[in-house]
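One chain, chain A, appears in both complexes that follow, with chain B as partner in the first and chain C in the second.
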Partner chain A sequence: MDVPFWSREIETAERSRIEGLQLQRLRQTIGWALQTALYRKRLSQAGINSPDDIKSLNDLRRIPFTTKDDLRVSFPKGHLAVGMTDVLRVHSSSGTTGIPTVIYYSRDDVDNWTDLLARSIVATGATSADVFQNMMTYGFFTGGLGLHYGAERVGMAVIPIGGGNTKRQIQTMKDFQTTVLHVTPSYLLHIHSKLGEEGVRREDLALRKAFIGAEPHSENTRRKLQDLLQIEAYNSYGLSELNGPGVAFECVFRNDMHVWEDAFIAEIIDPKTGEILQDGQEGELVLTNIVRRATPILRYRTRDLAFLHPQGCDCGRTHRRLSRILGRTDDMLIINGVNVFPSQIEEKIMKIPEVATNYLIHVDKKGALDRLTVKVEIYPKLFLGEVSKLEALKRKIIEELRASITISPAVELHEPGSLPVSEGKAKRVVDDRPKD
Partner chain B sequence: MKITQISVFLENRKGRLYDVCSLLGGNGVNIRALTIAETESFGVLRIVVDKSDAAIKLLRDNQFVANFTDVVAIEVPDKPGGLASILKLLSEHDVNIEYMYGFVEKFSDKALLVMRFEDTDFAQQVLAKQQIRVVTEKDIEGL
Partner chain C sequence: MAKQLTIFVENRAGRLRSISENLHKNNIDIRAFTIQDRGDYGLLRLIVDKPNDAYLAMADVGCACALKDVLAVSVPDQPGNFHRLTSALAADGINITDAYGFVLQPHKTGVCCMEIEQAQLAKAAQVVREAGFTVLEDEELYSL
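Entry: the complex of A and B
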């Protein structure tokens, strides 16, 4: 098989060279991190007061973990290592409460990130001759702009259509003879189910590849997409705390994702003890970004469960491969590619006086897409008998939630006492999506 | 003369309307007029009953979300154009109706209608001036 490369030298470098680079870049990152309020104190408590205190990659384990909660506490700028003059871009993602996680990028950071994405795209066999339709949401979410810049760097014809509007997506795929998509697996299944309605046949389209990410999916789902649409589907992994997409990507062999180890240090730990596990063992992925000037993040607990392959890959790349995401160590929900924490929903609805204390978050599938329903009990004393007031309450809840979690859930009003009670360990989240 | 309407919040659940009716019926409360305002995911039952104080206590004691609303019940000639003639009067006097529904029974040859007005007091003044008969709580208890 023809194996294309963007930066062959670094992608196939000896492990010793990659590790040498990692040590050098980790030390540089420690220097940057020491300039932030977030890390100055915690590094010093760990006895790390200068890059010289890191002698080998083994010293990585002396560095305390960073969690999403740490980034919430340091919001908005406690983890920013440069002045705003040197910031070129800001992205943010869901926090566990109303406070989002924010990441800053310097000019070099955007440049490095873009390069990692160009590398990822080329690894799949896509080229400058491809027409790339980016179906991920633009804006604060890193999925849209990240791949956009990467695809431009490769020289693809980029269609920045963004998320949603299925009719327009299908028409655009046909009009511009799109060859490569960036999309969530569930949305691609949804698009496939709507082709007939739009009077479009597979042979009217020029599709050949899709980059799928932003939500967990099984190998079965990937095969289904590949068979239904006669395309090659490539898994993509990333999270905004570590740039966004382009942390790990599949090569032409489609056998799990190469972590770009010249830019990230990946560890798998036991989520309970924090102990570092061997390659091949499943645990929580911990990532350190070693090329980001503006927001250095050390040993970030991704809460994603996965393993790293111990052996190399037929493509010749020496960067280890990360398995697909096998689960989460927290209760984060992924709704059509959007990360949602139940605590974000609880925080919002508990601030609305007409709503009583019991609520239930229900997730299921409507066709190929995820559907989020928030069920709340109304507070009896505030019921005056008017339907319009209840409808207004429903709209208010939807608006409040959309402002926090960025998607509009369905909201159901219930009678008091009809949802599970708040004492003890009431089950607040029911996920009825089929596990395939 | 205002009468009491009871509104009951009904979530979209099988048998919920039956629960209300059987509770009231089992305790000797008679429903005189009824309508349901429905939306996609819930409904509001509006009823006029013979014993409204007892009924609302009963409902609340049984964990129903219920409240009172003041409405006016009037007699309308039971013939073509009967309702139109009343609505014309109300409209000429700038009285706005939020919703209305009919009684099952009647006292005479005239039909009985429940009306919820934007401004109940003002509507009552207009009705009194026009000598339109307004039904009292006593009338309803005696129906």
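Entry: the complex of A and C
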């Protein structure tokens, strides 16, 4: 098999060279982190007051973990290591409450990130001759702009269509003879199911590859997509705290994702004890960004469960491969590629007086797409017997939630006392999506 | 003014049964009812003989319910009378936000219950009386 490279030298470097780079870059990152309010104190408490206190990669374990909650506490700028003059871009993702997680990028940071994405794209065999339709949402979400920049760097013809509007997506794939897609697996299944309705046959399209990401999926889903659309589907991994997409990507062998280890240090830990696990053992992925000037993030607890392959890959890359995401250590929901914490929903609906204290978050599938339904009980004391007030209440809940979680749920009103009670371990989230 | 009891009901099997059971247990006599369907839920609207008792009985079991003034008008059950009623209200710019009707004695007496915005309610009652209709008070409605 032809194995294309963007930066062959670094992608196939000896492990010792990669580890040497990691140490050098980690020390540099420690220097940057010490300039932030977030890390100055906690590194000092761990006895790290200068890059010189990191002697080897083994010293990594002395660095305390960083959690999403830490980034919430340090909102908006407690983890910013440069002045705003040196910031070129801001991205943000959902926090566990109304406070989002914000990440800053310097000019070099955007450039490095773009390069990692160019590397990822080329690793799949895509080239400058491809027509790339980017179906991910642009904006604060990193999925849209991240791949956009990477694809431009590769020299692909980039169609920045963004998310949604299935009719237009299909027409665009046909009109421009799109060859490569960036899309969530569920949305691609949805698009496939709508081709017939739009009078478009597979042979009218020039599709050959899809980068699928932003939501966990099984090998079965990948196979299904590949069979239905006769394409190659490549898994990708990233999170905004660590740039966004381009943390790990599959090569032409499509046998799990190479973590770009010259830019990230990946560890797998026991989520309960924090103990570092061996390659091959399943645990929580912890990532350190070692090439980001504006927002250094050390030992970030991704809450994603996965393992690192101990063996190398036939492509010749020496960067270890990350398994598919096997689960979460928290209650985060991923709904059509959008991360949602139940606590974000609770925070909003409990502020609305006409809503009683019980609620239920229900997730299921409608066709290929995820559907979020928020069920609330109405508060009897504020019931006036008017439909217009109830419908206004529904709209208010939808608007509040859309502002907070960026997606519009369906809202159901229920009788007082009909949903599980709040005492004890009430099950607030029911996820009826099939596991495969 | 007549009172209407409105009860919030989820749209699923058995919900009406539990309401009717509770009303029956409390010796409530139902004169008329209608349901406003909104998909996942509906509003059951009732005209009953003892609206306050019915309200308390439902509130006691945790129901979301409300008592509301409605304009209940006695309309002779003959062609053209409903049109006369709506024309009188329209001529004075009164909006009927919701309404339902029922016949008490075929070819003799019908009743039209109308929900009208609070600000226009007194005016509406006056207009209806001036047009020659009888506005039914609570007791009259239940003793018909």
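Quick note on the criterion: the second predicted complex is superposed on the first by the 436 of 436 C-alpha atoms of A that agree within 3 Å, B and C clash if a C-alpha of one lies under 4 Å from a C-alpha of the other, contacts with A are read in each partner's own complex, and residues count from 1 in each chain.
The definition used in the following text is that a contact is a pair of C-beta atoms (placed from the backbone, for glycine too) under 8 Å apart; a residue touches a chain by one contact, two chains touch by 3 or more.
What you are looking at is a predicted structure, and each value in this text was computed from that prediction instead of being measured.
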item: Superposition on chain A - do chain B and chain C clash or fit; value: clash
item: Partner chain in contact with A:D53 - chain B first, chain C second, else both or neither; value: neither
item: Touching partner for A:D330 - first (chain B), second (chain C), both, neither; value: neither
item: Partner chain in contact with A:E152 - chain B first, chain C second, else both or neither; value: neither
item: Which of chain B and chain C A:P380 touches, first, second, both or neither; value: both
item: Which of chain B and chain C A:E415 touches, first, second, both or neither; value: both
item: On chain A, positions contacted by chain B and by chain C; value: 378, 380, 383-385, 387, 390-391, 412-418
item: Parts of chain A lying in touch with chain B, wherever the complex brings them together; value: 378, 380, 383-387, 390-391, 394, 411-418
item: Touching residues (chain side chain A, partner chain C) in the complex; value: 378-380, 383-385, 387, 390-391, 412-418
item: In the complex, chain B residues that touch chain A; value: 5, 7, 9-13, 37, 39, 41-42, 44, 46, 60, 63-69
item: Chain A-facing residues of chain C, complex; value: 4, 6, 8-10, 15, 36, 38, 40-41, 43, 45, 59, 62-68
